[in-house]
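The letters A, B and C name the chains in turn, as written, and every chain counts its residues from 1.
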Amino acid sequence: MSEAGARVNSDLKDSDWRQIAEWLEDSDLACLEISGPGWQVRMLRQTGYRVQQMPLLRPSPASNVIASPDRDQALQVVAPHVGVFLDRHPQRALPMVQPGSRIRQGDIVCLLKVGQVLTPVVSPADGVVAHVWASPGEVVGYGKNLFEIREVQAVWK
Amino acid sequence: MIEILCAGALSTVQDAGRTSYRRFGVGTAGAMDQLALAIGNLLVGNSPGAAGIEVPVLPFRVRFLQAVDFAVSGADCLLELDAKPLLPCWKYRAHAGQILSLGRDGEGFSTGARSYLMVSGGIDVPPVLGSRSTQLRGQFGGYQGRALLDGDMLKTGSQDGTDPGPRDAKAEAGGAGFGVLAPDIALDANVFFAADPAASVAVTAVRVLPAAEYTNFNASSLDDFWKSGWKITAQSDRYGYRLAGPPLGLTVALETRSHGVVPGVIQVPPSGQPIIQMRDAQPSGGYPKIGSVIEADLWRLAQALAGSRLRFVQVNYPQAVAASKANQVYLEKVRDQIALYRSLNV
Amino acid sequence: MQPAPDEPRVSLLGTTAMLFEAPGPMALELQRRIWALADQVTGWAHVQEAVPGMNNLMLVFDTPPEDVVPLADSLKLAWQQGEGLPYRRPEGKTIELPVVYGGNCGPHMAVVVEHTGLTVDEIVRIHTAPLYVVYALGSHPGYCYLGGMDPRIATPRRKVPVVNLPGGSVSIGGIQTGVSASDGPSGWSTIGKTQMNFFDPLRNPPAVLAPGDHVKFTVQRIDR
């Protein structure tokens, strides 16, 4: 892994960046963006990994929700970080949710695989799954739309 | 504290095992599936060799008397916390009073043969001869040197530099937990064998290094050894896996002298039916040995159910060492990626 | 490939351990050299524990060496260099074990009678005559492998092992004899029963007997 010329300001140690580079190798990603309080960094895979400091994006209060401006009473659940989208646990036959599934706030709706780790994407609201935007095995980036939820009853603040 | 509501049968407290007392006749004991033990421990923030509960028979139920992080690794089954379905190889937080159940009456494991319940802080029983594993023959270690019974109360405690305990409300809100890929998925890419499509019962393939008496077996027996789908009989357990198949014969009768034995050694008594020594096997024995299942594949053996079949695949020493390294690399990745996920996920 | 009959044999137990077997007939002198070898290799790189057996030694690896040949060669060299060297292990203690032979205490006495062609009284006399040496511990906690049994009462191991033999059982397996220290399975033929506590896990060392100690069986009674 090669380092950028400029010094990276972040909360992560060099060993963490090396670990993240390993994750990327495991998943064949071309680009990874990571943010923390007050900083955001993009890693690009070329012959090695170039690390670029990015201007800070303002995250929404609940980091996996963006209210869609053009659809009333619908919520988009988005990826809270990069990973491989899984609609079901690898050891389970059935998808966690499907269009039409009634879900509650706090339910795990899908998983993101990052290297060996499986992370949960959690519904911020009670409602009904209207659309699934990602397909199993697809590499999704931070902020990518995953689900649309309608008949929203309660939203996490 | 954990209360055992339904102990099943032969559930025992096990850790990574008891080393360095074989010369006193004390075998290692320890988890049959060392990978599942390690993964479950890493999920709940323990050191990989900390003590948990090995569950070979379902159903199994416990009540958590205090809040604690837990994970169930190893064999998959119906997992429920207060009737809410859970994911395998996943870190959860239980609150005081919640009941965890593995399996239901009449239903066994869906894959694999043994599950592991790991809790943050590990199972707190007194270490004996350096380990918390249960030594059934001799009745020491683990929980009072015996399998668990309904009504047993097990303390959980901080050991080996583990998570300190209850966390703040913000982390609690992130209570969906997280998981890892199980070994049978994560290690598949390096595996050059697969379930036998011609078999009607599941076939587990394990790699074997020939042992000292290998060349004393006759040629047709050696052929039978590598080609057969050996049935794991019902008389198989932590002491040994008794296999059924074509009788293996020596070219000339041998009476070998008692010598040290380790898990994986495949002995052939006069009956000609092989017995694979497992974690509770005698640390020494005298039957002729045809081979030894490599250490890297002992977890696969541990997850092969009685009634299913085994196939032996011949490898050489460098290949066997490489297989152990592959397991180690997987565990290191799991450890490092869990640590990174925790540090990023505040 | 089989080594020459006068050369030791080194083999592997998977990637977990290496087994060193001394050549030739079982002998106390060879066992003394095995004890010396065990003391010598404890502390070698890769060696987690050296476990003596009957004229053999198992080296359990903490991590397996990349190449086993150098370790095997070092073992053989150490063995050769030990030849003729006097090994000063303290002679240890002698304990007497009163045994109830035959009857319910010796459920397989008839097997030994049939195999050897000797009477029960002759078998008991031959079994109690020697001062046995503890060659090694193994099999289960506190169990001693004893050397010095008269080959006239040797009886092959059972075709089908017994599932649960009580602790204190005095048995013959091949050319060896021993006493079980706790309940458990066994492939040996049991000829009698004794009472003794051989193992305490809270003690240091946990086993009461050690290689180099001596055991004398005495006749408490013979049941028919």
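By definition in this document, contacts are C-beta pairs under 8 Å (C-beta built on N, C-alpha and C of every residue); 3 or more make two chains touch, one makes a residue touch a chain.
In this text, all values refer to a predicted model and were calculated from it rather than measured experimentally.
Chain contact topology: the protein chains form an open path, each linked only to its neighbours in the line. Comparing the chain pairs B-C and A-B, the larger number of C-beta pairs in contact belongs to B-C.
In this assembly, A is the chain whose CA centroid lies farthest from the centroid of subunit C. We define each chain's centre as the mean of its Cα atoms; on that basis subunit A and subunit C are separated by 62 Å. Averaged C-alpha coordinates give centres for subunit B and subunit C that are 30 Å from one another.
Averaged Cα coordinates give subunit A a centre that lies 34 Å from the centre of subunit B.
Under the contact definition stated at the top, not a single residue of subunit A touches 2 or more other chains. In the complex of the two chains, the subunit B residues touching subunit C come out as 19-27, 128-129, 135, 137-141, 209, 211-212, 215, 239, 255, 257-265, 269-271, 282-287, 289, 292-296, 317-318, 320-321, 324.
By the touch rule above, subunit B contacts subunit A in their complex via residues 76, 87-90, 111, 175-182, 185-186, 330, 333-334, 336-338, 340-341, 343-345. Only residues 1-2, 9, 11-17, 19, 21, 26, 38, 48-58, 60, 64, 66, 68, 136-143, 145, 156-157, 159-161, 173-176, 181-185, 187, 199, 201-202, 205-207 of subunit C touch subunit B when the two sit together in their complex. Interface residues of subunit A, counted against subunit B in their complex, comprise 12, 16, 19-20, 22-23, 34, 36, 81, 89-92, 106, 108, 111, 113-120, 122.
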